[in-house]
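Look for chain A in each of the two complexes below; its partner is chain B in the first and chain C in the second.
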Partner chain A sequence: MTPGSPPAEAAPPEAAGTRRAAALRVRAGRFPWPLVVPALIGLAFLVLPFAGLLVRAPWASLGTRLLLPEVRGALWLSLTTATAATAVSVLLGVPLAWLLARTAFPGRRLVRALVTVPMVIPPVVGGVALLLALGRRGLVGGYLDAWFGVSLPFTPAAVVLAQVFVAMPFLVISVEGALRGADRRYEEAAATLGASRAVVFWRVTLPMVAPGVAAGAVLAWARALGEFGATITFAGNFPGRTQTMPLAVYLAMQESPESAIVLSLVLLAVSLGVLVALRDRWTGAL
Partner chain B sequence: MSAGLDARLVVDRGEFRLDAALRARPGEVVALLGPNGAGKSTALRALAGLESLTGGHVRLDGRDVTTAPPERRPVGMVFQDYLLFDHLSALDNVAFGPRCAGAGRAEARAAAARLLERVGLAAFARARPRALSGGQAQRVALARALAVRPRLLLLDEPLAALDVHTRAGVRAELRRHLADLDCATVLVTHDPLDAMVLADRITVVEAGRVVQEGAPGDVAQHPRTGYVARLVGLNLYRGTAHGTRVEVAGAGAEVALPEPRAGEVFVAFPPRAVALYRERPDGSPRNLWRLRTEGVERFGDQVRVHLDGPLPLRADITPAALAELRLDTGTPVWAAVKAAEVRCYPA
Partner chain C sequence: MLVAAALAALAGCAPVDGGGAGGADSPGRTLTVFAAASLTGTFEELGERFERDHPGTEVEFGFAGSSQLAAQINEGAPADVFASADARTMDSVAEAGNTAGEPVVFVRNTLEIAVPRGNPAGITGLADLADPGVAVALCAEEVPCGAAAAQALDAAGVRVTPVSLEEDVKAALTKVELGEVDAALVYRTDVLAGDAVEGIPFDEAAGAANDYPIAVLAEAPHPGLARDWVDWVCSADAQRVFRDAGFTAR
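Let's look at the complex of A and B:
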């Protein structure tokens, strides 16, 4: 195929009618190589590592490795904490998004900037910050310990908190965008029908932005599932208690790379599975 | 304390200022008629509480609701594109208002079913809004607005979202429903036909001001602005009457009347009363002006000729007459109108 030739001519001939139609099709003009070549390199870069994983996987011993209690424990902890973190993110993040999108208060822009900070700082720094705020001698953690005898660091709750810290901004940004894009006249129509602002939110606004909430929740869940830095700093790395899949992968990499590959494959399969399952129904807004 | 709507709406928005007094008795349908940008929709939004007033008041059945939020006003509104909630069935759309007013689910749905029945859509109760035709969606929107038992019903361009073919049917239907209501109704439209058919009284708004008010027939017969005159198809001038002659303001022309008048008056005559001649006609009719052709356009099965000169006017002639006159832009013509065709009323 020469650079100038249109794809239609290169396509294998089908029915005679189709070929005649193809012959009359307006040609596409010069092929945009400067765009396509970098695009293909980028795609290869994204896909190749997974190919590496698949090629090097110890397929023979896969079953037995998967059934190891450490693996099952880490997987179970990861799934439950990521789901809990997503739930917390939705419960707190949707109202926060509403506040940012629908109300005017002094310093709103500053609040919006603060919300996005966890997206840009290194997660390890987030973990340190969480430790300083909620640790046993932290800003708030000291009172939690003194008044309620609650100590958060190095517990499964800390895993969830670390994940919420890094994942909630994704949900807030996604839902805020959906709220800004929603037609506010529907909210006005609801108000003329006697709906208070809270009722308008529950019965009109929320259903309208549901795809945005779902997309945000999927993003948040994926981010929580992969969380490493903040978790290991704030929650530690105790197998069965705070050792999530990413931590287990990192640890296994030091001792038996084959186990690391198996764990990675499991994470990959779970993530892909969720994305594919939600693909058409909810993540259209993604 | 008066029943119905009593409002004076003042909204200042930079360059634009709306200042309009509006009244509507219970059961009365008032049309706000005006060109685009006249402030009709702003007035409607102010009545619904979706827009704050800079001055004036809104009273409903004697109760002052000027600063009440929209959800606390006994007002129902049908929006131009209906704004039905897409995630709810037609029935639940109509039940939305009663639910907000505290009715239980079953009770609200029963009330909604009765209203859907009333607008002839009982069979579509479970349909989603996007599955409805424009006319059906409009009736659901009407039922939804009526479900809150409003004391004031607002309709924003209720027929504008419909195509020409369905409009006549829906208009007749809507008229029937509006006639049954015991609440005051204000509808906004830029279409004189909608206003004439649907309203008991027409309020003409131009550039934020009420310029004319009256029964549809009266407005059609006695327009008071160029906008209304164009809508109802009349040539309209304002001037000073001296006996049977009117000196038209701002023009060097006079119009002869069938009978003597005095003072400031409007004179109006329909375009079809104008006869055009290339040569000065014999027998000299009492109204004869030397004018210049500005343009020619099709108008139904007639041709409308726009003329400029001492008395700018529009004349309707037959295509055959146009061919005979050989009119072109700039062609000078004589325009004649019988005095008996001229209507005159006080300004």
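Let's look at the complex of A and C:
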């Protein structure tokens, strides 16, 4: 190949990109109103309620309310339990997603439906179900209590379990979608080159679906952070032990809406901060 | 606020001014009653009889925690009548200028100790709840049953470390029904309505009873009908229904 005369069909990628963009511009011609208008209405619908919160927030007393020890306790508990719940969801959810996406077994459709059940049932019912299963009179919890003297309800561990129950399905769905979208030929190539199943999973499959795992983990974390119904039912509500931010917000609402608004803004600011920071750092592909 | 609470407590089921048969309202109307969740069973029964006595009228209920309903009314929810589970909550509506006239107290509810059937922890009175080996659920102090429980425990000089401060009285009762706690302080009416629970009365409950006030709302779409409802709730027939459900009638 002589320098200075690149073959026409192998144009540099930037040139091809520019040409495609130009073609799109020419073809579309006008501003895409049919998409932009509903998009803006959708955005306004999602953002407007927060504007309502901001307008009604008691800005003058914001500082003193934030320094209350109950607020800091609830925030700390929320952040730690949501992170723990996300870790558990990843550890158990990724293999579960792999099972659903990469293996064939009888009743797989039913299993997939079961995995999404916690997304559909009201979280309060999920909390009652957890009590019936893991409570001290529960199906499994009864034995935990009798054999090991372990009682889960009303402990921080119960908060994490409630969050895992509602959040893990989001991770499983996200990772399963990524696995189905990934090109299986890379895995097959690795296997034909002598890699064991475990090596293929760790070195090929997992890196390929990493953006899906990250997206799923972010979704799960966000869901766990906002979790209310299953938590208050299964873990109860006690400041410093099981009272997470959403529980604190709900109870504050009974007495002073201003306090509830302040707590909500704190939760909002912290979660937005974490999500934006994470997005830049390791979920660029989202 | 304390003065208003005292007034509400004193008012009792006195006749509401401008009673009458609600003739000013046209037929085919709907009376909207917002009421504390603990009134669900009794109000529904009273609603059926009210509809029978007022042909062409339909009674619709919004049952929820009193504080929640108060917040909705203060934000402009279109209701005719509000019945709250304590004076403090009614005061927040009255102070915002959203009641028409003085709220009247129509029933009173007292606390009991609810224990799972068979009373596995062997609870006999309030003092037993202080035992660290006994798992106790209380209502959070933000809701009426929690405020009453704190008052009763203070009066008895009993210090309890609960495993949970529940968001409402039904949630506390559920924890007892499922056997997840050994005891909870709930209303007598909830013990009677609950499954698989037993109630243990205690002396200090009398000093921490909740008065239930009811009021016609300032923005009531059917004020005449609303006054009829308040009169009906205060009538001897209705008071019998409340007594059967475990309330103390006025």
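The rule we apply is simple: the second predicted complex is superposed on the first by the 237 of 286 C-alpha atoms of A that agree within 3 Å, B and C clash if a C-alpha of one lies under 4 Å from a C-alpha of the other, contacts with A are read in each partner's own complex, and residues count from 1 in each chain.
One rule holds for everything that comes next: a contact is a pair of C-beta atoms (placed from the backbone, for glycine too) under 8 Å apart; a residue touches a chain by one contact, two chains touch by 3 or more.
Fair warning: this is a prediction, and the values are worked out from it, not measured in the lab.
After alignment on the shared chain A, the placement of chain B and chain C results in a side-by-side fit free of clashes. Comparing chain B with chain C, the partner in contact with more residues of chain A is C. Of the two partner chains placed by superposition, A:201 touches none, neither chain B nor chain C.
Judged by the touch definition given at the top, the superposed model places A:135 against chain C, while chain B stays out of reach.
With both structures placed on the common chain, the touch criterion links A:221 to neither chain B nor chain C. In the superposed model, A:186 lies in contact with chain B only, and not with chain C.
In the superposed model, A:98 makes contact with neither chain B nor chain C. With chain A used as the common frame, the shortest Cα distance separating chain B from chain C works out to 49 Å. On the chain B side of its complex with chain A, the touching residues are 48-50, 69-71, 73, 75-77, 79, 83, 85, 87, 96-97, 100-101, 144-145, 147-148. On the side of chain A, the complex with chain B involves touching residues 183, 185-186, 188-196, 199, 203-204, 207-208, 210.
Of all residues in chain A, those touching chain C in their complex are 128, 131-132, 135-137, 153-154, 232-233, 235-239, 242-243, 247, 250-255, 257.
Residue ranges on chain C touching chain A, taken from their complex, read 65, 67-68, 71, 135, 137, 140, 142-143, 162-167, 171, 174-175, 178-180.
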